Amino acid sequence: MNQNTNDRAENSSMLYFASDYMEGAHPLVLKALQDTNLMHSSGYGTDPFCESAMEKIRTACGVKDAAVHFLAGGTQANAVVISSVLRPYQGVISADSGHISQHEAGAIEHTGHKVLTVPGYDGKLSAADVDSFCSTFYNDDNHDHMVMPGMVYISHPTESGTLYTLAEMKELRAVCDRYKMPLYLDGARLAYALACPANELTLKDLAVLCDVFYIGGTKCGALYGEAVVIPDPGQIPHFFTMIKQHGALMAKGRILGIQFDTLFTDDLYLQIGRSAIECADMIREALKDRGYSLCFASPTNQVFPVFDNRKLALLQDKVMYSFWEKYDDEHTVIRFATSWATSKEDTQTLIRLL
Amino acid sequence: MNQNTNDRAENSSMLYFASDYMEGAHPLVLKALQDTNLMHSSGYGTDPFCESAMEKIRTACGVKDAAVHFLAGGTQANAVVISSVLRPYQGVISADSGHISQHEAGAIEHTGHKVLTVPGYDGKLSAADVDSFCSTFYNDDNHDHMVMPGMVYISHPTESGTLYTLAEMKELRAVCDRYKMPLYLDGARLAYALACPANELTLKDLAVLCDVFYIGGTKCGALYGEAVVIPDPGQIPHFFTMIKQHGALMAKGRILGIQFDTLFTDDLYLQIGRSAIECADMIREALKDRGYSLCFASPTNQVFPVFDNRKLALLQDKVMYSFWEKYDDEHTVIRFATSWATSKEDTQTLIRLL
Amino acid sequence: MNQNTNDRAENSSMLYFASDYMEGAHPLVLKALQDTNLMHSSGYGTDPFCESAMEKIRTACGVKDAAVHFLAGGTQANAVVISSVLRPYQGVISADSGHISQHEAGAIEHTGHKVLTVPGYDGKLSAADVDSFCSTFYNDDNHDHMVMPGMVYISHPTESGTLYTLAEMKELRAVCDRYKMPLYLDGARLAYALACPANELTLKDLAVLCDVFYIGGTKCGALYGEAVVIPDPGQIPHFFTMIKQHGALMAKGRILGIQFDTLFTDDLYLQIGRSAIECADMIREALKDRGYSLCFASPTNQVFPVFDNRKLALLQDKVMYSFWEKYDDEHTVIRFATSWATSKEDTQTLIRLL
Amino acid sequence: MNQNTNDRAENSSMLYFASDYMEGAHPLVLKALQDTNLMHSSGYGTDPFCESAMEKIRTACGVKDAAVHFLAGGTQANAVVISSVLRPYQGVISADSGHISQHEAGAIEHTGHKVLTVPGYDGKLSAADVDSFCSTFYNDDNHDHMVMPGMVYISHPTESGTLYTLAEMKELRAVCDRYKMPLYLDGARLAYALACPANELTLKDLAVLCDVFYIGGTKCGALYGEAVVIPDPGQIPHFFTMIKQHGALMAKGRILGIQFDTLFTDDLYLQIGRSAIECADMIREALKDRGYSLCFASPTNQVFPVFDNRKLALLQDKVMYSFWEKYDDEHTVIRFATSWATSKEDTQTLIRLL
């Protein structure tokens, strides 16, 4: 990497709050890769590093027979899981704002399945809305000419950073049971939920409430990687082959195993989340103090303030943030995201600029 | 990683020649990840690390406008490339032994396309056989009821470790031109071809002869990753979205960029290959000296000796190798693979056991 | 067919207004099948009957080089056309009420493509809404992570029986041109549009304004069959093979050819439409006279009155109609459909019952 | 249809033996369509005509709870059935000469599934070869990286006109049971098997031995149509929706019902087959008498003689036959096909020309 390149990657006077995947891996993850680098092991996730990571995740989830599979990314995990669960005549219910509905370039449809959208509220899917969707479907005399709802997709935190309560999840579970639909939870940012004081859902709860979910690594301290957990593996037979068929099976599966083994050692995964939440809370508090309004009731690592466009113009040379959406002609919703890599110093510098 | 796990990963009295993806990354690759770890950059391959790596690969290939995309694995690269190039009524021609035909769990068919197999010789596809296949197709009055050959897939080295000569490649290119089929080369083990004295094909040749090819990282020194090169990017429009749709777009694209930037700095990629070839040559020579016959004319990092089953029984507690195929009731073809991580010491120890 | 069966099919005291596919074929169509029955011809649509029908349709459409292909049904035509036109990274824009969006059991998604829904008005898609959808898409910085709008699907008449004006169609065409999207028109009930006094669009207009459209046979006098017209055949290469791949190529293609040849002889297709429209107009007038309100501004063969539920209860033993949707707790929207097979006598009997 | 067109369809001095789908429908089928033409009934196969046909087929098959579905064509039936039965990680075993493998334009792969080919003998698949294929698969340590055999496809008669014996079928069934694979039989020309003296398999046998099969109509007396029989309907849930999703659900389903109801009244289906077999036997006998050799041991309505190319040149202005394959530089294999529409007179005229 020549100096010039480094310069382009790193501008020392810039603050980086655009996303939670702007750096490498948590130093302990990198250290583990270093420590094991020249050890030999077999491929495709059959190695002892993966085995150890799986065991730690099973323990953390409280399900000793769960299947755990390590994939490289979130869109991939969603496509492999959903197309492994659905039958060809079925679709997957998602909030209209769901990642699979909006920002995965049609990955689900590419596998032959329709995404059945239901309006979300603060990014969440309500049990009542899912119930109503299914009830309308089954009461339609023509439903055999339509795509059967065969699965429910949610994320926690959601795209808007919001969290399901335990009660909401239990209601969703009940609706899923009523219509015999597996419940799948996308946990791309799960560390930032688990570490959040407002969060009511533990990994053990997820293992009871969901048929399948994934624990996000890419945005939570790993170089890359997501851990798909299937509490009752019999529900998704031949998932290994499905992973291979989707081009999602890593020859050096151990690299994923080593990373998750580290994230699930000494509560590192929670610790990573906690640090990000502390920074996000500092930002949220400062924004409220200064009278900014916040879009979405996000208590996690994403903060969505509404900014006056003139203020924003002043900010943009100093802070990298994400444009979220136009609020009105004079205001814009933006996103600040924190991560394990966000420092308290940078956070305070940002606050001074607000 | 606890000690116990390490024990399971590493048995100090064992020799590891089963595959070329049994360790982590080349130390310089890991060092680059370490050095850049806390730098900030944008996601999805838009970062300066990727930009630098792309530029170095373009230079190495001698095509300054080539598109370079970094994907996570080989099956993934094959599925994304092939389904981006083919029209729905087309299939891809492959040697019957081709990886896409045998060992990718139907990844190509999953995208809706037939793999049209032609018998290979030593893992290679001959121009004459491809010509004959196409000629038979177009001369069949019913060819509109059949899958049109729309692309040719080869690998270099092949599954059998063999190499195409420059003349063979030019013939294949001519057949492809005759039938208007793009030529795609899978370079999962390309470093081990490029570094091989017998190899006639440079990266610059590939960029001229192929419509698209990938430079393998996973088996050639990276933690994971393959670099897809499209010399004339206009040939595959919206490839970025296709990558996303296949769940193959990495949020932290930089991790791939940093690795390939390193592999293409100071000829590291070639150096990695050379070290593996030296070890493989030592094994080959020893095997020939001792009268073993070798299956396939592989001059690369894979060696395929025929062993007497009794000899093999003695070997298997001391060496990890790959079973390749049954030769006859008393003999077996096995594979020894070397890699950048194979030491001369281990190689000599292996030789003493043969 | 035994008598008992006939009884179940036919209840002489019942009136049949539930749909436009409750009988066989127009008598002239059946006669043509009878007259040609023992003649010999080649298969797969290569026969002289198909050739004659194609030529008549080309003439009717005023495009002498158009490709005409006969398929068996509407969902099939939609799936084959749309998946032949779109590239894998593209989806098709449809009104949310569009048949492909609601009532084809995910046939489009099954081919790997997302249906991109835009709110319709009276079943129609407005150029402004399509423009806004596309403009939002292209202005979104993340649009490479989203499904590109690659085609526009409309029907004429629409699901609600409404018609596009010539001006509306020209606007849609202009939007399609702006975003380089082919325009596809589903004409399942086209005879009932063409014969309608309010209709402004001729077959010649469609051939100029659309990239591809189909002329419905199943609901307009044929036993089954739809004629797909591609004014510029080069736009959809290898469409024949696509038809075969979708299982949509009829071995006895001539049966479709004979039917369409008849429908396009001596203006039978228009005459079929006219008779149905006259009956529908009688019903519409009677409904208005009696103070019923009509949902949707349909001037074609479908009429959508709002009925008091008590009135409906009296009607249902005497008339077969279609339930459309609940209007409020005491009212229901129903559909009466007429066809070439609807008699003036039955229509007058129905009117007396209203 | 103008006279000129008729002329092109019918050349009075020509003999038509090219295929079994060169005419319309058996006169009784057409009469039934005529007789029922103006009766009213509901759509999508829910009418009493279909119900009656289903009941007659259930009786003929001796399975009173079987599901019977009417589809429009054979490739369609194959694609709908196979993609409804297979899970995404599975493929279908077929003889290499199987219709799904060669002549359906990749219809099976289009649904995402690989056709796993096994060499056939005389167009048939042997139980031993299927067993060997599966045994090799399951004994391969890498089989989780490969496409699992999930179903077996055969046809009866085969592409070569040959027939399975009852013993062969029982052996195939046993292999299917051993590897938990449903057995599917394509009966496109089933009438010509059932009516053949050499045939050992009754419809009742098929219903016991197969998990699903279809009774061909298109080539056996109908205008179009195939009847898919699922002896135990629970094995393929939501098959109706799968039919719709594939664009294979006919709005006027009754047209298929009326045809099959006729074909299964008073043994018409068998009678149709018998007449064709008698003609084929006459041709076979004459060919043998004159010393021609026959390719394939076909006792059904297809005859595959080897002709000297000079003789063939003389024949081609007088007889329409099918080119089958080149035998050697001076000889060619051709096909004569008879059908319900073949007259004894034409057959004798053909024989005089041989």
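The chains carry the letters A, B, C and D, assigned in the order they are written, with residues numbered from 1 in each.
As a working rule, a residue touches a chain if its C-beta (ideal position, glycine included) is under 8 Å from a C-beta of that chain, and two chains touch if they have at least 3 such contacts.
Here the structure is a predicted model, which means the values were calculated and not measured.
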Winner on C-beta contact pairs when C-D is weighed against B-D: C-D
Centroid-based (C-alpha) most distant chain relative to chain B: C
Averaged-CA centre spacing for the pair chain D and chain A, given as whole angstrom: 50
Geometric centre distance via CA averages, chain D-chain C, whole Å: 32
Chain centre separation in whole Å, for chain D relative to chain B (CA means): 43
Where chain A touches two or more other chains at once, by residue number: 88-89, 104-106, 110, 112, 144-146, 241-242, 244-245, 249
Residue ranges of chain C in contact with chain D within the complex: 1-2, 5-6, 8-10, 14, 16, 18-19, 21-25, 27, 30, 32-43, 47-49, 51-52, 72-80, 104-107, 110, 218-219, 223-224, 241-242, 244-252, 254-255, 258, 261-262, 265, 320, 341
Of all residues in chain B, those that touch chain D in their complex: 88-89, 91, 102-106, 109-115, 141-142, 144-147, 323
Touch list for chain C against partner chain B, complex: 44, 83-84, 87-89, 112, 144-146, 148, 237-238, 240-242, 244-245, 249
